[in-house]
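The structures considered in this document are given below.
Consider the two complexes below, in which subunit A is the common component and subunit B and subunit C are the respective partners.
For the complex of A and B:
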């Protein structure tokens, strides 16, 4: 090896290095002063690379409104459960039962609308209240069963790993007690809207309205947060950063709405709609924008509410405090047991929501419903920056984690990658993401 | 401290007892035999995964009925989709004194040592429904290649050319490939090939025959081909349900032929509704009956070649297997009466949501 280099080349390299250093320093400074969550930024960057990569590899099939719309619906159910899993893991616990509980709740809701309400109560199918009654039963039962697991964990002193492992076996086993594991279908037509599909979407104007409300909410929450910081004398973001952030976030929201509205109803559906409503379709067919799918709207609402609970409510802060240092939290007067029970109850409730979405989307309850979902949910939470050491976790991060996972899956499906290879890739990504995250965290100190 | 602990123990004991006594349908060791005849013969069944719709409902009662007639005893075990568990189960069943072993194999390869162990002990083996690559075992199944052929024929009867999507089952299950072979026999190009009239625009295996996964696969194929899909060959009913849900979201359900098999209630209802073209029906009761009768015969003579109605079947592993192959029946809108007559499904279930008079079976 020769250590000799031409001076000219050395200096070029040095200049380049110095320039890069300055640039990255400057970027770092901007991010620091703007007080932006670097982990979220990293996830968004990874997502952008994945999307652009798949788009190039698939010859432009990935970044189409239709595929992105599909992706949003396919991610919703896992993302919703991942928001709850963040709190579970932050409190130094784990819930292995979510997939099985989802299956059990999905089956219960299917039994209600296919057998119990129409036959046992003799009311017949397609009652106007069927969808809301089944949904409520599913949510309440989910919260109760989740809360029961939390009760045994918190008050019984059985590790949550064991309690929810038992839960996994029990809920999965109970599914079979319904109709000997027969597939239950079809679901109530109103209930099915929860699963998305063009009919189960908001349409053009309602989607824009949701987008505008979201923008107003973003601006308001930035303003409130700024005022709070001033009140307590914390460093505030510079005004330019606040404005840039608001513009960026609103821009992203409105772009999302625009994408969902750029996906028109499928021709066949539009033609049927036109015929039913006596509209003469223009040449080229009726163009009905699809808009945000209902399950995606539910996912957004759940994310906002869960973020609010986690960061602004005492309950959420208690969970983080407990996860960070259980002993200190207990001595600090937090009712840790009750908090823990609520965490699992909330997780069960979210399983109920996802169960409704999955059964509505498939238009059936099958015995395999939710199999291995626990792995996807835990992976999403962990990719989103939730730490198994407890006390650290981000709910929007977990949602992004779910979108990353689903992007990988559906992109690979588009490229005809077989399922064993898909598993290998997802496994590598999972470990790499967590490895990078902990490396960065250590370097930052 | 003493009392709560005792109470907890009592509660656990009560749960365990309830689980043991309440499990009337539980697959574990329910004695069946009572009458005279070969009363000292014990027939053991090793299920690979009892938690699927059909086994408890259709197969098991008919195996038991055939055994009851000759007074043989019935014992069973469920491996819960695990190869290792099935090996353990078979050891246990042999130790329990099984004289004939019926195996629904989780894996056609890994089951071989267990089969060999049984044969070595002089216990004849019946490979039930799923192939076992051993010439020493009697293979009792429906002709799965014929199932695939019937699915493809029914679909080709509706659409004989254009863009086809093929949704296959589990890649590790030999049946997935038998069905695919049947498609080729009916004139559908093999994987990676295309003919003058048929282009395969999407083909994939589906882990665990998962309906939700099949739905996502179908959505991706539709997206990729801009909905220009003319027919879908789905290897079973569960996945057909996922496919139809994906088609419905595009307003294409009923416009594109879809195949399936198994005679699931929901799938037969789809056939009546017109959203699924064909459901190849394998009367599992007949299969259970055939296996039960074969087992009864093996009780008195353990030579599998002496069993009635056997044919030679050339397996993909190059073995010639002594087999009983039953004929499946393709169910379409024209012959729905068959499943009603067999009391496989009730008219209410079959005709739910079907416009009265639109098919003969739903007046």
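For the complex of A and C:
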């Protein structure tokens, strides 16, 4: 190392460092003026790193339409429940029963369409109303059982950890009272569409229409928020940020639709479809774009509705207030017990939705249905920035958390990492993510 | 004066107390925290409530604010019997309480805290955050014009700013009765002066204010009447003009009216008071 080159190299390094500092300052200013959630941005960054990393490691097998489409379907059921778990954890509670409740509700819905409606009521299989009747019963029962756990927690004063631990054992045990642990199959053919699969997807044009509706909704909501701010004379985002945000969000939506449409039906299925509809397949087979899977569409709708409930409804505001300071919420005149009961009822309802998706996707109810789902759901919520101290959490964050977890699992599967090692990695990521989050939060003050 | 008030209400409406609490009792597990208390408050009046720790001041005020149900007793607002079983009941009667802990949801911003439990919604029940922020800006303009932090969680605000948010809640909803539990305990000198000015201003606007304070100077400075509590009972309610701070201190410590106390007790107290004066920051 020569005496001359050292200062020169140092100054280059310094200049580089200063440049980086300026760049990050500028980026920070952009994020601040554009009023964007930094935590969500961090999660997106982590997801991008995971995706690109797996894509490189797998030699380009990860970022394919097929893999991404599968990833979206696999994430849906956990993501849906995670949106509810956010509110449960925000209210300083926990729900350990979601996996077992999902199993029980899945079995109930299977019994309904396989035994009770066709045989007990004598109405026969494959009725046009079967799917919706089954689904409604599942959702209502889920909300009632969840609400019951909430009632015991809120009015009975039993900690939710205990109530839902009991619930876990009870719901799991009740499955056996239905079918002695036997698998129930097959499900109603319309009901099965809820599980996704090529037929349980929207197809090309409906997917584009959904994408365009989403874009219109994004632009409208940005416009409405801007108009509201102008009405009260609040500082608005600069126009460039508004437009950039709209372009970015709509671009992401349309890119997502494009990816799902780039995944064609499997050849055999396409050939059968062609034969059934009397179409002569062109050379190379019929190319039927799959489009957005129905469970993914459900997940998107649930995310939007739950975000609205959490951030723009009195109920959601009360849940966050209670999580931040239960005594203040009570003194503020909030009916805290009723609010808590509703939180658990909502969680149960979401378990019903996920139960329908999982049984439809499996085309069966099996005793292992939902086993350990509670851990995935809680992890998704926590990776998404929900704090166990209460009062802090985000619904889109939890959905992203579910996608991050599923990406890790599916990426490792592609790399032929065995399942125990997958668990170890997911465990480490979970603890690291929460550790990093609390470190950043402390530093920000 | 006091005897007159306990007679049947006179025809003039301004003689009817804004708040009258009669024979209020609260006990926790055999301890009488509040034991048969009578207290009243008129519009445009500040009543200082003083007493040692555990004398029952805060519990009595929690009864009025609906945070602590009374075991027995009667509350009359404008001479009419009122039932206050929850904070919501109290708020419906325009009774607002600023708790010593401030009762803020730390994770929410100032507008969400001002409207905690009484959020503004539009026609379809969606929270109207812009309207809440706008109203909060207006009330803060009046209370603390330097307050600019309407988007941050209140946990990141200073003690004085947090106090402003808690007071803003009471002021925005046009309280007629305001309960302030140690409003200046956590504040610096400038902020304390600000709160004192505000109390005078609200009193001039015709609010009735119960002021709980350990600071005898605050109480003498701001109150019209002073009620002294001792072991759950009211020792006496006195006009500020008719007593000295030493008389009030004697009642706080001995739990007796000065004329009832023995000369030995008063002498002992004199020594304690001297010692306290040396300790107290000026």
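Heads up, the rule we're going with is that the second predicted complex is superposed on the first by the 434 of 445 C-alpha atoms of A that agree within 3 Å, B and C clash if a C-alpha of one lies under 4 Å from a C-alpha of the other, contacts with A are read in each partner's own complex, and residues count from 1 in each chain.
We adopt the following convention: contacts are C-beta pairs under 8 Å (C-beta built on N, C-alpha and C of every residue); 3 or more make two chains touch, one makes a residue touch a chain.
Quantities reported herein were computed from a predicted structural model and do not represent experimental measurements.
Aligning the two structures on subunit A places subunit B and subunit C side by side, free of any clash. Look at A:180: by the touch rule set out above, it reaches subunit B but stays clear of subunit C. Once the two complexes are overlaid on the shared chain, A:443 sits clear of subunit B and of subunit C alike. Once both structures are fitted onto chain A, a short way to say it is that subunit B and subunit C open up an angle of 120° at subunit A, using Cα centres and rounding to the nearest 10.
In the superposed model, B is the one of subunit B and subunit C that contacts more residues of subunit A. Judged by the touch definition given at the top, the superposed model places A:277 against neither subunit B nor subunit C. Legend: residue contacts after superposition of the two complexes on their common chain; A:317 is shown touching subunit C, with no touch to subunit B.
Between subunit B and subunit C in the chain A overlay, the least Cα distance found is 14 Å. Once the two complexes are overlaid on chain A, none of the subunit A residues touched by subunit B in the first is touched by subunit C in the second. The touching residues of subunit A, counted against subunit C in their complex, run 228-229, 231-232, 234, 308, 311-314, 317-318, 320-325, 327-334, 390-392, 445. By the touch rule above, subunit A contacts subunit B in their complex via residues 61, 64, 66-67, 70, 74, 125, 173, 175-176, 180-186, 196-198, 265-272, 358, 361-364, 366-369, 371, 409-410, 413-414, 416, 418-419. By the touch rule above, subunit B contacts subunit A in their complex via residues 25, 51-53, 56-57, 171, 204-205, 207-208, 210-212, 215-217, 219-220, 223-224, 227, 237-238, 241-242, 244-245, 248-252, 255, 264-267, 269, 352-353. Residues 65, 67, 86-88, 91, 97, 99, 101-108, 112, 116-119, 121, 125-127, 129-131, 133-134, 156 of subunit C are the ones that touch subunit A when the two sit in their complex.
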